[in-house]
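Some structures are shown below for you to check.
Two complexes come next, and they have one chain in common, chain A, joined by chain B in the first and chain C in the second.
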Partner chain A sequence: MNESAAPEDRPADRGPGEAAARPAGAGWLPALLPAALAAAFAAALPTIAGGGTIRLAADWVPSLGISFSLLLDGLSLTFALLISGIGFFVTLYARTYLAGHAHLGRFTLYLLAFMVAMLGLVLADNLITLFVFWELTTLTSYFLIGFNHASAASRRSALQALLLTGAGGLALLAGMILLGGVAGSFELSEILARGDLIRDHDLYLPILVLVLLGAFTKSAQVPFHFWLPNAMAAPTPVSAYLHSATMVKAGIYLLARMHPALSGTDAWIWSLTLFGAVTALVASVIALRQTDLKLALAYTTVMALGTLTMFLGAEATVAVAAAMTFLVVHSLYKASLFLIVGILDHQAGSRDAERLGGLARAMPITAAAAAAAALSMAGFPPFLGFIGKELKYEGALAIASEPAVVATAAVLANALMVAVAGIVALRPFHGGRPRAPRTPREAPVTLWIGPVVLAGLGLLFGLAPALIADSLIQPAVTAILGRPETVKLALWHGINLPLALSLLTFALGLAVYVGHERLRRGLIRLEAGLPATADQVWDRLLDGLKALAAAQTRLLQSGLLRRYMFITFASVAVAVGVTLAATGAVRLPAAWPELLFKHWASVALIAAGAVMTALSKTRLAAICALGVVGVGVALLFVMFGAPDLAITQLLVETLVVVLVGVVMLRLPSLEQGARRRRGADIVLSVAVGAVVALTLLAVVGAPLDRAVTDYFETASVAQAFGRNIVNVILVDFRALDTFGEVAVVAVAAIGAYALIRGTRRKERP
Partner chain B sequence: MNSLILRTATRLLVALMLLFSVYMLLRGHNEPGGGFIGGLLAGIGFALYAIAHGTAAARRALRFEPQAIAMVGLGIALLAGLWAAMFGDPLFTGQWWFVGAGDDDKGLPLSSVLVFDIGVYLVVVGAVLTLVLGLEEEV
Partner chain C sequence: METVLALLVGVLVAAAVYLMLARNVLRFLFGLVLLGNAANLTIFIAGRLTPELPPLVPEGLAAPAGQVANALPQALVLTAIVIGFGLLAFTLVLVYRGYQTLGTLDSDAMRVAEPADTTDGTP
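Moving on, here comes the complex of A and B:
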């Protein structure tokens, strides 16, 4: 499906000579940060296992009820340990995988920044804090996916992920603001305690839809699933970290976190179950179709996310326990499998299933890690994956509403996973003579240590499930369901329905594995028959958006200055006029005011100037007539006791005549066309004038509050030793404002000067 | 513009306008006037000079680039404001000295407010002339 976004992070793509630029050594230093964090989180295990929580809070924006509060409970600890633990191995791995890359330092920075953002996200106890970190993960993943910025496919994938998860993030923000309003607090711990209030509220459905949009885009649920495989354009360590173990699980985390507040309604159960089930099935079918190992893994990740969503829709303890166990299982085996695919790429020169085979002899450690991870993925005992799968079946059967649907989806998805596990981890290493584009050699320890430890943990936890049952899974389930729960994990559950389903899964999976090449050809034919893939629909959407933007720009941005001014002034006239009419603010004075002859004379002068401006045949006459209007206004200012204003008006008017004269006189003379358009201009100017006059009447008609005037009249001499109140206000009482204004004047002058000079340079090079 | 009358009259007029602009600046605290009005007057004076004698002559008479004058004015205004902070007052609080003040004479009042107004004056002169000279030369 995503041939266009073929991943381009082959280490061989590096530019020549870049290797020499990087000093050797200290490669492990950045890995210390995740290691220290993981150790710190591990130290909190006893507290959490004992049923306690740890909370830290500091005020951030107290006036908005936003605080920077962190909460460590079972759910966040599980995620935090996965993030920091896998982060450690990935950082270590990346130092070798990208060794000699010119931008390794930048890469490490992005990776660690992402890790911190992700930790903040899972630890946040405040909706706004959570959202900020949510967006930070979106941004950092944008940088990481687009790390090979020279490749167009990388850039496209990065932008796609950014737009899609960013749009989901906006929906989430809206949902969170509604949620905070309904619950009366932005603190998660308080919101989660008010689940009944939220579920009964009229706004419950909008909140649910918005939050689910955020979670589904982030966690790549159908129909938003296509960005995740495209994101495989990122270097393999990024795929292992972001797109399997951590970031895409942010949506899952959100669903789990919001469980006490939002779950239990029909809308919640159905939307999660249906979207999850469809996603799981669609993704596992598409996964079979891939030959690129990384893409196949990517689609199994989508499948895992669908499964997790499906199980989080349930209320039953065992279903939620299944989700949490599977989350741990999946993070462990998927991170190691991604890293192993990276090793294959790095050491054997390809990650195409059809070009690799029989590498176990040359790469024994990698092959062993791959086998362990794949067995956990396929759900064979005694791996943790088996426990996870049994729990899933048990949980599916325990779901009250639609056990058959969920169980069928789970069995089918798991069977396909068995097949994919075989394709990814068995075929490249076993069967026949060694096949690879490059002579395979075993990877250095920094590359294989991660997969070995992570896959080994899958085995260890499978053999001794009590290691995580009490300390992680049980507290996490307690946090998700909002009530104390007991969870026991065991390899052997006795002979029961889940076991029978497991056997059915193995049989189905084996059959698919044997026939997968024929199946793949069939799927490719099927895909060719589809009208469009989701990825293509996305492209069409974006193209449509760009066409719309271009069309409206052509419509609104004519480039004609006079049209802009016309629209601007017309908008002012209409907006202000409508407001005045709607509010009824205009009160015409009851009696005609007493006016002297000099007042009438000034008004006549202004009116004559305005008419002259409108009718004059040459620009010079129009400019001078406009100056007459200004002088008339200045005269009015003098008569009504505002000498400062009058002087300023007069001077500014003089300057305007000079400046406009300088500019306008160089323009061609007023031609016929301009005069024809004059009618509309006159109508508009009369309208604007009328609206301004009415506004002034409304202002004058309102009672005048003299408190400020009185204050300045008494304080001017006493405090500022000046009798000219206007100037005292300008330079003393409101000096900061004046400073801002003169700064604007200076900057505007220099900006205008730059523009004037700029036009000259273009015209006379 | 090549006009002998305008050029001759301008010499006298510009000198008067510049003198008057300083007068307006200084009297502004008690009578109509102030830095803004003074700056506009001075700017118009130089604009008149530029029209009569050409922009090159106006720039020579000005001695400094108008942009530099505006920026120096902005700096002076800022310093006048910061001056108050040196005495622990809020920014832009006026500071006054009455030089030679006696019992029946309040002396010569000097203040940071006046310095601030001089800054405003220079900004306005600089900004107006940046535009006027720039437009005259380029358009």
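Moving on, here comes the complex of A and C:
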């Protein structure tokens, strides 16, 4: 084990871990969990191959029809085996790769938590259960990408992935709730059986768009592709696990799972085909431009995800079989290639294509694994990759609506993959004398075992495709299409069009490989000419969002009382005004009522007092006008049968004037500060006044329900033995309210006293 | 009569809002008093107006003879007047105390809780 290397020689993505070599005696223990799970899933193979499924269910929120249910069928078994199997090798690998790292324990916890979340996601048979695990994968991957939390780039990448996939997750939740409502159940097995009902429903299109948003952000389809290469800030085992084999395939899984419920419409076919094809082509071109091996691999992952999406758009059995086969092929070779890049980083000190070469002699086992993985990636026989590629071409040609588009995209993307496979897996190991920043040594067995086994499986399944055809691919295709299917895999299909396309792919790929350095320089120039990359657009979007939030805060949270009052009153005016207008509640009186002089006089008194209070320039005039308003209101109370109110009002008004007058002796005059224009204030106050008046007119225009009053009138003497009904209500029927009122006044008095006392104490030194 | 009083409440509210949008907190206080009056009148009017007939049960009868003024809104308004007075008294002391401490009645200058943003000029 290479424990002797100095910290600065360690891979850049390892982070600043202290190399305090601890006894790693029980370090293999965490790997037992994925191993046991993989064994358990493998034990279910015969049942699934025989066409059966295994279902577990427990009530979770029965009142909402949500259960915690798990289903194991061909599709989920394929994913579950990949997740637990690759998880085993990655856990083992990480133990050596991060040996002596201060936070190895934390890392292992995150990794295993992620694995469990991912397994829950692919096994869930309930939309809500699925969503919970979906979000858990987002969260755990946030921790994993940001594992080197001391690095700003890591933190940014982690946040970017979290925001983007989290936003997609919200869209997915909305889509799932709609879907559950339309289908009448949140159980996937029931929803999938009601595909026709869902496709004919008015809400089909919103459901489709929301679900696709969730799937496309998770699986990094253009234009959401940029977070995935950025996520390579994570330690290499994470990249190998999350960003090749598992998490990014969650979106693919979702598309496959939803296939029986949502597929078959034009909207489904075209959106998946177009987004998939564009993603595949864009990503494979960008992949060629990279010199960092890890980044090149990251973009080929995006390309693979695009290809999978494209094929899941189709209905044809062979296209779906191609997608499933390619899924397995890709997981096997991509995980091993990532792990190999990690080995190069760990053992040779770099993962830059320009700085590495001729390492095969020093690292023969790694080189052999790399060659096997690369040949599978490039699709050479007799590897499983060849079968996958032939199936893809066959599937592309079988797609009824747009075979030319899909086939062209598939051939071009595959040709570029041949070139990238050469760049990543052949150049560092072969040709010329050894070049590396550090004297290369073969990796320890815990590092190379994963790539060797995974790449070896690619060869084994290529030689004996029946091993997975009946037990995995066929049940998976059956689950995706929702009808029994037969799938046969074979290396030799005879001389036909797919074979011709394969030869064309090799020729094109070889040409690109030979000329790739010139091509790369051209691409770099091209990229420099672009106005902005997707990543920069993301930055601008976030900056814009922050600027918007800041501007909105400055506008709404200005710290000025009058600004707050203005916003509050304006909101009231708009909300009530719009409601009045929209509901047509405004009722203008038919005729003016006959009024006596005393009525007019008191109304005029109040109105004049109010206007004068508002406009007066001196304090004394304002207080007098205020008093006039109060007395006027008391007069109205007298005229309309409310003597108790009138008495109280007069008392209170007198007290108000006296109190304000006393306090004003100690306050400065009203005039201070600069005059300012108050046009907007006038408009707003008139608007609020008008809205209130209109509302009140609507109220008095409606019939009055006097039931409560009638009760009080008849019960006043009979039950409370009082003849002043108002007083009886206050001290008998609503006595507790009155008690509360007394308490409020007492609290106000205590509060006022405390405020004044505080002032006095401060004045005394 | 309800129609005219509804319009009167509108006038009161408009004057109150105009005062509450002012910078001087004493004016704000005056606005508060007017708004309280407007609210009391609103409740009163909503119970409809019955001239000159207070809600009393004459001696010897079990219930009022014929239509009298609506007692329910009167009970509510009576409570509201007193509570409004409590609010006013407390606010008045608060204004006074604020002036003692800050030396100003200008709400724009009362920025202890939310100081002005120094990075850019606030409007």
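Throughout what follows, the second predicted complex is superposed on the first by the 539 of 765 C-alpha atoms of A that agree within 3 Å, B and C clash if a C-alpha of one lies under 4 Å from a C-alpha of the other, contacts with A are read in each partner's own complex, and residues count from 1 in each chain.
The criterion applied here is as follows: a residue touches a chain if its C-beta (ideal position, glycine included) is under 8 Å from a C-beta of that chain, and two chains touch if they have at least 3 such contacts.
Note that the coordinates shown come from a computational prediction; the quantities given were computed from them, not determined experimentally.
By the touch criterion defined above, A:G641 reaches chain C but does not reach chain B.
Which of chain B and chain C touches more residues of chain A is settled by the count: it is C.
Once the two complexes are overlaid on the shared chain, A:A582 sits clear of chain B and of chain C alike. Contacts of A:D732 after superposition on the shared chain: chain B is touched, whereas chain C is not. Using the contact criterion defined above for the overlaid structures, shared-chain residue A:A528 touches neither chain B nor chain C, since it reaches no partner.
With both structures placed on the common chain, the touch criterion links A:T613 to chain C but leaves chain B unconnected. In the superposition on chain A, contact of A:V658 is made with chain B only, not with chain C. By the document's definition of touching, neither partner reaches A:I495: not chain B, not chain C. Shared-chain residue A:A58: touches no atom of chain B or chain C.
Look at A:G689: by the touch rule set out above, it reaches chain C but stays clear of chain B.
The intersection of chain A residues touching chain B with those touching chain C, taken from the two complexes, comprises 643-644, 648, 652, 655, 659, 663, 666, 723-724, 726, 730, 738, 745, 748-749, 752, 756, 759.
Contacts from chain A toward chain B in the complex involve residues 643-644, 647-648, 651-652, 654-655, 658-659, 662-663, 666, 720-724, 726-728, 730-732, 735-736, 738-739, 742-743, 745-746, 748-750, 752-753, 756-757, 759-760. Here chain A touches chain C in the complex through residues 554, 557-562, 565-566, 569, 589, 592-593, 595, 599, 603, 606-607, 610-611, 613-614, 619, 622, 626, 629-630, 633, 636-637, 639-645, 648-649, 652, 655-656, 659-660, 663-664, 666-668, 670, 672-673, 676, 678, 681-682, 684-686, 688-690, 692-694, 696-697, 699-700, 704, 706, 708-709, 712-714, 716-718, 723-726, 729-730, 734, 737-738, 741, 744-745, 747-749, 751-752, 755-756, 758-759, 762, going by the rule given at the top.
Those residues of chain B that touch chain A in the shared complex are 24, 28-37, 40-41, 43-44, 47, 51, 66-67, 70-71, 73-74, 77-78, 81, 91-92, 94, 96, 109, 111, 113, 116-117, 119-120, 123-124, 126-128, 130-132, 134-136, 138-139.
The touching residues of chain C, counted against chain A in their complex, run 1-30, 33-34, 37-38, 40-42, 44-59, 61-64, 68-72, 74-75, 77-79, 81-90, 92-97, 99-101, 104-108, 110-111, 113-117, 120, 122-123.
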